[in-house]
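Structure record follows, encoded as structure tokens.
The first chain written gets the first letter, and so on, giving A, B and C; residue counts start at 1 in each chain.
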Amino acid sequence: MSDMRQVAVALHSRLSMTRDAEPQVMRIATDSSCPSRKCTALVLPSLTVDVPSGFAAYFVRDSKPEALPGVSLLEPSYSLPSALSYLDEGDIIRLNPRYGHLWVMYRKASKANSMLLTEQCNSWCVMCSQPPVATDDRWLVDAWKSAIPLMATDTVELGITGGEPTLLGDAFLDLLATCKQHLPQTGLHVLSNGRLFNYLSLAQQVARVDHPDLVIGISLYSDIAWQHDFIVQSPGAFDQTIRGLLNLARCGVRIELRVVIHSLSVPRLVGLAAFIARNLPFVEHVALMGLEPIGFARANLASLWVDPVDYHVELESAVSELAANSMNVSIYNHQLCVLPPTLWAFARQSISDWKNVYLPICEGCAVRERCGGFFHSAARSHSRAISPIAHDGHLVPS
Amino acid sequence: MPIPEHRSDSGRSPTEFTFDLSLYRLSAIQKAAYRFTGPFRVELDRVTESQVRVKLVPHPGNSPSVDPNTLPNEVLDQELRETVADETRGVRELLLAQAFSNLPLTDPVGENADYRDDPLKIAEIRSPSH
Amino acid sequence: MATIDVPQLNKAFASEYRFRQRTGKEYALLPLRFLPLDDDRYVATNFAGEYIVLARPDLQALIRHELVPQGGLYNALKAKHFLLDGDSSVAIDLLACKYRTKHSLLSQLTSLFLFVVTLRCEHSCPYCQVSRQSQDRHAFDMRRCDAERAIDFVFSSPSEHVKVEFQGGEPLLNFDLIRWVVDQVLERNETEKKQIAFVIATNLALIDNDILAFCKAHEIFISTSLDGPRDLHNANRPRPGHDSYERTLEGIAKARDALGRDRVAALMTTTRASLNQPEAIVDEYVRQGFTSIFLRALSPFGFAVKTGAIDGYTTDEWLAFYRRALAHILRLNMQGVVFREEYAALLLRKILTPYPTGYVDLQSPAGIGLSCIAFNYEGSIYASDEARMLAEMGDFTFRLGRLESDSIEAVLGSPKLLDYLAISMTESAPMCADCGLQPYCGSDPVYHYSTQGDMVGRKTTSGFCRKNMEIIKHLIRLLEDDREASPILRSWIR
């Protein structure tokens, strides 16, 4: 949220002017005949006088800021920053006029919409890509509560992330219920460290929401407790997470496990896979994930980074161990050219569109369409073995 | 541990071992000897206060398929088994109780507390300067 | 690797040492059993039946608390719940959970119901456990009133998944009763709503289009006998006309056509004549389009013992046969033929997965009466098929009651049955109780009673014990040492 750097698709921008008004969550409309206007911002192709009033805000494309009158018939109105020119019907934004800040919360056309509920976290993972911030950010949950009723009901899936979403306690449960109420067809995918589910009462409350399509994605980094605790920098976290997993399973809540692969988790990767297969067979999916080199991962990159071509053996064994036990496995955030071909079937295009890029060297790669590409932030720290694949399946020598 | 003395010829004649009771439990010796009761007739007798002799007599007619000289190792193994049993008796009972009762034996707080109270302080947020 | 050997993290992060020292200086043992695997190694199993192979000195070091802390072996043993130290206590929760999962079938109770609908049969296999009767002796058919009571038993089981298997003699000789039972069961199941599977165990000589149409309509599985290539099969299974093999193949083809390939299974029985041709038997199964074989030894019951017309064989002879057959099957797999041995697959599921298996003869407490029950043609209720065979030899020890007179509660709750189960449980039997392979084995009180006169049995002379121990050790050695065989075996657990 606080990351204002250039990415593949900008989700934040500054407006050229500020106003003294409360922040507001609004749905984007491009059609001025849209009936409900109170929570809607109309995007206009150009300045015009023939526009109905009553919209919460007006954004004008293709206009120079100075071309807008200081006060106009359309109020409040803003020039749409060029970085956000993609905004379209059904997208949802939050406008904070006092700071001139525009946040694109939801894009109707995206498959990767995610709700960041808080930046607070009770863990401190050495590779965290969204480092915790201790400030009171309850306004975030409120913003999402306003946004959810504005979202398209045919939204396939929504992520719920943080920080640690379960820290919000009842507000978290309330958000799940809000989603169930307004978006009954939308799957929810929560990312959590699972520790608070050590309390059976929380697992029971989640189950009680009875959401029709909810999966909790929980992170586990080693089968040895102190190693997992070290990676998440929290003594006792392993036990809490394991008990959390058992409680969620008892309550019938669907679970996915996520393992980030780096120098601290590679040594026990195969052991962890065997541990999961034997102790946590009820999880419906295991994701083995490449590092996203931002946040703490970036600060610790020199210590954490392992080139994927250097852990082929461990990765193949781990996948094989899980697959042999009929568990669903995926590999995230790895390019096809750095994986042995035997693992290509497990590689997914997992990187959210707004931060997904390909390198120039990828031009002409025969499998570019199937490959997940890179994190925008990985432009500087990727495998030494990136190389386009020729049509016969071999790597093209660089 | 010292190797118990033994006398044996190949095949048909009996094999004897003597064990020092200060080094091996009688129950370990008995259990180990029991495993040879298929191919052998097993004779146990107490030679002295602190010594037990085990005699393995092959059944007439057959050459035993089991090597009688593996008895000392088997006694050692039984010793280890008894050590394990002694040390893990309590845990075994706890495990069976946990497996088959509905009682929250290992983590009653997690089982019963309200997540809002968080008595285990799981939700504690650390500050950067830990 | 022992510790995580990395350059320093950013100074905002606590060091690895701070976390590692929470393990403390000592470790505690968790319940474990062990057994020599070969001259140098042991196989050890934990409370939940997970195994690890260790060198002898390492096992001793483990038990004497002399293991190098945080080393590779130490971590492997810790992650697999053989030992416990100061950084975590969830081993208890997890082991309890795993143990409960492995024993969860107990709460399901009986799920396999054998209906011996007739004793009549037109074959005269020397190893058969039932008597030879000619085709027109209707005194050897099950009566409808008894079948009706038996159906009550089926629905009294709390199990969601139930299998009804029709046996004989040759059950198709009493197909009318089969038809009636299936109809009755399905009708009653409209309200009960269990998942019910039907199987007919038949030699297929009498299969016709009407029977096949009925089987197709009600999704009935066919299980038949194929002992091996033609000469072997016909020698084992004499029939007027000496054409059991041809009839069997014809029947298999017809059944597959009508019902689909995956509804027709074949079982083999190993006789002395089979012993020197394991490869040919496997090849026969491959040739006939089967993708698996269940290698079974002769049971020491019925005709096999009584007639003496067929030589028995020792457990060691059978083991040699089994090893050869398994080696051949593995070679076939390496050449790309997908083919599985079912007994090994069962054992591998016990060894490698968290789940229980319902195979009656490999459970403790024994599966007899608990997971399976047999209703004989003359109205007696037996704890298992073998129990029934024992009765054919005049020994009614394992008869649980009579359909016409005994209530379900009296039969399933019979103190007699519970006694047999309790005393034969491997958890408490001498040698079994501390056997390293106990999690994978089972008790077979009927076998031990009929071979040794004692339900617990003296395992040192038990063929059942020797067979299972040798096969399990053999499989574990392959998993550990044979890099080609290991992935093939692992693929059989699905």
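Everything below uses one rule, namely that a residue touches a chain if its C-beta (ideal position, glycine included) is under 8 Å from a C-beta of that chain, and two chains touch if they have at least 3 such contacts.
Every value quoted in this text rests on a predicted model; they were computed, and no experiment measured them.
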| item | value |
| --- | --- |
| By mean Cα position, the chain sitting nearest the middle | C |
| Chain pair bearing the highest count of C-beta contacts | A-C |
| Chain whose Cα centroid lies at the greatest distance from that of chain B | A |
| CA centroid of chain B to CA centroid of chain C, Å | 28 |
| For chain A paired with chain C, centre-to-centre distance based on mean C-alpha positions, whole Å | 47 |
| Separation of chain A from chain B, taking each centre as the mean of its C-alpha atoms, in whole Å | 53 |
| Multi-chain contact residues (two or more partners), chain B | 107, 130 |
| Residue list for chain C, restricted to those that touch at least two other chains | 12, 14, 89-90, 93, 97 |
| For chain A, residues that touch 2 or more chains besides their own | 124, 233, 243 |
| Complex interface listing, chain C residues touching chain A | 1, 4, 6-10, 12-14, 16, 18-20, 22-23, 48, 50, 75-76, 78-79, 87-90, 93-94, 97-98, 352-355, 487, 490-491, 493-494 |
| Residue ranges of chain C touching chain B (in the complex, touch as defined) | 12, 14, 28-34, 36, 47, 59-60, 63-64, 89-90, 92-93, 95-97, 99-100, 103, 316, 430-431, 434, 458, 460-461 |
| Chain B residues within the chain A interface of the complex | 107, 110-116, 118, 120, 122-127, 130 |
| Parts of chain B lying in touch with chain C, wherever the complex brings them together | 31, 34-39, 65, 73, 77, 80-81, 83-85, 87-88, 91-92, 94-96, 98-100, 105-107, 128, 130 |
| Chain B contact footprint on chain A (complex, rising order) | 120-122, 124, 132, 134, 167, 169-170, 195-196, 198-202, 205, 233-234, 240, 243, 247 |
